[in-house]
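Lettered A, B, C and D in written order, each chain numbered from 1.
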């Protein structure tokens, strides 16, 4: 089974999950807004949450892109592991709204933890997808895969669940710090990955 | 007429229906939530409903994938049978919300029955799609189709409408049992299908 | 410019517009529904509206499929005519909800007229898309197009705006009759088109 | 890395953002509308906003189409620049609703400014995407790209951020004029681009 249709379905879910994020911003402004300018400035956490979650989904999309390039074919276990990954990724809009709405009130801890748990789940599934494909002597890898690249991917994915787990634990104590870490990690990953991609091209 | 565009449209509808499921979870938490942590724990049926329905749509996607592999071309009757299948599949988010919201109150029976009826409809349409394509001496099948595989697919699809019908009847008496059966059947099917796919690959 | 990406975008919009229709059904049932079974039966016009509009969008998708098969390449005017067609098609979920909610109250006329006007717009745009592509000696048609097929398509599209216009006029007087006509025409078109497709295959 | 999957993801986000616009129209009509005909006429700014924003997203799609035709391959920086472009484009439905709801009340200025800022952001990102791809001696361009076409594209993109910036400044003083300019510019661009495309074809 080729990976084409898997990629279409996956890209579809990612594109929709990212685009649905705007609905979270939208619900923040009631229909009968009196002081619209003030309210638009007041809901800035919604914009930040929108941008960070959109970027996070974008990063997952770029990562999956790199992963699929190494895959030769898919079997059913691989398809279902991907479905479980998507279950977590498509969940992101919900905790994003929670964080944006509650980061300034009593619900900050619950919201930041919910966000972290979702990303831990996505990172764990991402690793399972990759370990299933690359394990057992490269079960689903392309026959001409470069073992160095495969090892590099493994090394770059493995820390993610632990990193998000630590941030989630931070969220129990300091939700605002945790939220800054979520955003910071996305930006850091994007920059690092762009550099790495560039150096690889130049090599 | 090739099946490419049919697959794009179908995958699009399935990806959107699955991703829209998160909106059902989202509406469970009002904007002015006071005890967010409690409320997030309280709505656990929404998470379960989200996961089970996402998985069910994922299974339908995997099954359609296998089905389309045997198809050579599409005619208009086949296209419209697919549209009717999608009408039922895209309906799933609605009874999913009903079950998640009402499984603990008086509406449990109605909600569980609505869920079951939707899945009976989808299973019936799935069989009609396949019987139309494979009937009359393999009307739309690839010339080089393997009769054994075709028979195997027929055998694996046929019971689904009856199984969901029985579960729907159970829902009239014991809605909670029925809901457990819906989830259990999805997980069972996923495991069985993964095993079967694997043994087929090894053969 | 090839038509591939146009078809991806178009299929995406159609798939989303069709799948969004379920949100119209969903909003009919409040979160605190008391007599869920009754309410689920009470909102049957929503199910009918969902099915008819989904089928109508499915028909537009099938028609566009047939149209694109005759097209060799796209220019910008063609792209923008398609965008205007999509503006009308993606509008369908809105009047669908209006009809489902108001067919049994004072708003029936306004709702049925709104539905009709949307379909008149879509049918007019569909004809403009086709006339632009096939006009001026087959501006964008494949060099090997069959003039008979092109004429057949022209003949089958041309009446649609007038048919929907008449139904819209009926809606001003008898909204319920108009709504039955909208549904009946979709079913009629589907059956006719399936027969025609079949006879063409057999020829 | 080929640009195929980037185009699938991008087209998905654009198609969804455009189709979600109808939800803005939908929320304007409450479930218990008393004088539906009047209310449907009353909300005409929602229809205009829907059409203008759908067309604007359509224009972005056409432009990206032309841009991608010149691209040979993508690197990670290019992918992330595209993600940031999409962050702004997928944001459009939100200020569209604001403008439609508030153009006739005190919120007109805030709404029109929000719309303008979003488009300035999208136009800036669009230029960054293109300058990154075409800069440094045509970093990501096809080896056989026509320098004249590349220069033509650069010249046609560069003014957009300034044009939208001026319109946004107008919005601070005369929001209604600014909104007319947003719509007028979309229509002007569409006509100019169709002419240009045509003359290029004839050349």
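Couple of notes before you dig in:
Everything below uses one rule, namely that a residue touches a chain if its C-beta (ideal position, glycine included) is under 8 Å from a C-beta of that chain, and two chains touch if they have at least 3 such contacts.
Given the structure is predicted, the values throughout are model-derived calculations rather than measurements.
Compared with chain A, the chain whose C-alpha mean position is the greatest distance off is C. Rotation angle relating chain A to chain D: 90°, from a CA superposition, given to the nearest 5. Annotation: the chain A:chain B pair of sequence copies touches via predominantly different residues, less than half of the used numbers being shared. In terms of their C-alpha centroids, the spacing between chain A and chain B amounts to 26 Å.
The centroid of the Cα atoms in chain B and the matching centroid in chain D are 36 Å apart.
Chain contacts: chain B has residues 8, 12, 16, 20, 23 touching two or more partner chains.
If you draw each protein chain as a dot and join the dots that touch, you get one closed loop, with every dot joined to exactly two others.
Of all the residues in chain B, the ones that touch chain C in their complex are 1, 5, 8-9, 12-13, 16-17, 20, 23-24, 27, 75-77, 79-80, 83-84, 86-87, 90-91, 93-94, 97-98, 101-102, 106-107, 109-111, 114.
Remark: chain A residues 7-8, 11-12, 14-16, 18-23, 25-26, 29, 31, 33-37, 40, 50-51, 54-55, 58, 61-62, 65, 69, 190, 193-194, 196-198, 201 touch chain D in the complex.
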